[in-house]
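There are two complexes below, and they share subunit A, which is joined by subunit B in the first and by subunit C in the second.
On to the complex of A and B.
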């Protein structure tokens, strides 16, 4: 099966996201928390997609180490990159939600948010790691080792942070399962839309990187002198 | 199998001999830990600690002292060409991972032989917590040793050596810190050691150790390839 073109994917993303947010705002019932609860349809899908993206990057890295093909490394890099961007949005929307609901910008008693922050901090070190290794092959291999280690860390971290909570702490929002039907439908459409957005952006970024590499090749082929010699040690990292 | 065991013992013996002869890591770690206790004494303005605060000070100090050793773990290999020799020799590369983590584990135990009694002397009323702390610290050392070795290898090969290891390690070690502090907090209470959730936290530490030992075993080969 051929993968859909970037244009189809982008259109599909816009339609699904518009439908999801439309359902969330105009159809899903208002919850006891009031209007602030609507941020749930943005925040939770972003968080789920970012975490799944991190795990996907670990799988892509395994494929990279097994095959030695740099294309898997590029995919893993872009997957982490996009998930870190989504993660920033998760932390921002989480802070907004906490402010609206509890009156504070940050809440240490919410284990999911705290775990997410730790995961985010770990993946933020992916960039300094990549840029600190000059040799292109080694950079890819080390980045993959990091991505696999971090992928194993994600579930472990969520477990440890959750255990650190006193067991009597009330769970403010049960994830997913406890939702009434209308809200669940709107939520699922938003989740699919956000996942499509992630895939589209990853595809777009990979396409842009491939185009940039091709352009570099053409430039070098056309340039007679060594003034445009390929800069050594450069990788897919910008 | 026999060759791997021999290589493992040779590499571990080499590291321990080098450390005993040059004393490059251990005295610095012990001194660092004791000084950090003094810093905490004044920064917190407390002369005695208990419960969560005591556990936090102890675990944090040991963690930062461990980073000193982790930063130095592969310095001789890098400077004297040890990595090339390992690559050239007909042994499984994972042996190096096992030997280095064992060496780090032994350094950490040696550090704690000094740091924990000093901590007890400085901040605690009695030494009753020292014995039950042993399993917690052993499991925490194992976790520090495997993740530390893995990240130290990555950092050694980069241009940002000493910067990169703590940067990646600190978030990676958060679950270990949570579990080690969680297990030590009831042990260090003012009224004497209690064993609240002790088994659960030891279980988390054991899980952490085994997950990262397995990850290290699986990926270490790729770090030495060239």
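On to the complex of A and C.
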């Protein structure tokens, strides 16, 4: 089966996200938190997709180490990059929700918040690790080992948080009742839309990287001398 | 802190959160657009160089003036 084109994916993403946010604002009922709970439909899907993205990067890194094919390293790199961007959005939207709901920007005693920050900071170290290594093969291998180790940490961290006693942060899929039907439908559409956005942006960035790599190959083929060497010192990663 | 915020307060936080998301997305897309522009520029340069390199060879082989596509 052929993968959908980038244009199809982008259109699907826009339609799904518009439908999801439309349902969230105009169809899903208000809960006891009031209108501020509408941030839930943005914040939670972003967090779930970011964490799943980190785990997907680990799987891609396993494929890289098994096959030695740099395309899997590139995919893993872009997956982590996108998840870090989504993670930034999670932290910012979460801080706004916390300020509006609890009156504080951050709560250090809350395991959910702190654990997400730890995961985010862990992946923030991926870039210096990667760029500290000059040799491309070694860079890819070390980055893959990091991605697998950190990726295994994500579900462990998630389980530890679920076992811990929550202070104020609610559990999205709590065993006692969970989300009401209308809210759940809106949430799931937002989740699918956010996942599609992640996939679309990953595909977009991979396309740009492939174009740049092809450009480098043409450059080298046309002029083996230094006359056409790239003006910037560092090559694109990965 | 009351559990139910005044609607105006809540609206500003909700708007802020969604704005943050949109701004992040736009910043990312702007960076990617700049990168793609650079690739296009380099591709144009290479096309010009390739044309310059290949034209004399084509002329020498055919003995005629090569035409660019």
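Just so it is clear, the second predicted complex is superposed on the first by the 205 of 238 C-alpha atoms of A that agree within 3 Å, B and C clash if a C-alpha of one lies under 4 Å from a C-alpha of the other, contacts with A are read in each partner's own complex, and residues count from 1 in each chain.
In the analysis below, a contact is a pair of C-beta atoms (placed from the backbone, for glycine too) under 8 Å apart; a residue touches a chain by one contact, two chains touch by 3 or more.
Just so you know, these numbers come straight off a predicted model, no measurement behind them.
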Fit or clash - subunit C, subunit B, common subunit A: fit
Subunit B versus subunit C as contact partner of A:35, first or second or both or neither: second
Partner chain in contact with A:96 - subunit B first, subunit C second, else both or neither: second
Touching partner for A:161 - first (subunit B), second (subunit C), both, neither: first
First, second, both or neither for A:215, with subunit B first and subunit C second: second
Contacts of A:145 with subunit B and subunit C, given as first, second, both or neither: first
Subunit B versus subunit C - smallest C-alpha distance in the overlay, whole Å: 25
Subunit A-touching residues of subunit C, taken from the complex the two chains share: 1, 3-5, 7, 9-11, 13-14, 16-18, 20-21, 24, 28, 32, 35-36, 39, 42-43, 46, 49-50, 53
Subunit A residues within the subunit B interface of the complex: 65, 118-119, 121-122, 125, 128-129, 132-134, 138, 141-142, 144-146, 148-150, 152-153, 156-157, 159-161, 163-164
Subunit A to subunit C touching residues, read off their complex: 21, 32-36, 38-39, 42-43, 46, 85, 88-89, 92-93, 96-97, 99-103, 201, 204-205, 208, 211-212, 215, 218-219, 222-223, 228
Subunit A-facing residues of subunit B, complex: 147, 150, 154, 157-160, 163-164, 167-168, 170-172, 174-175, 178-179, 182, 200-201, 204, 207-208, 211-212, 215, 218-219, 222-223, 225-226
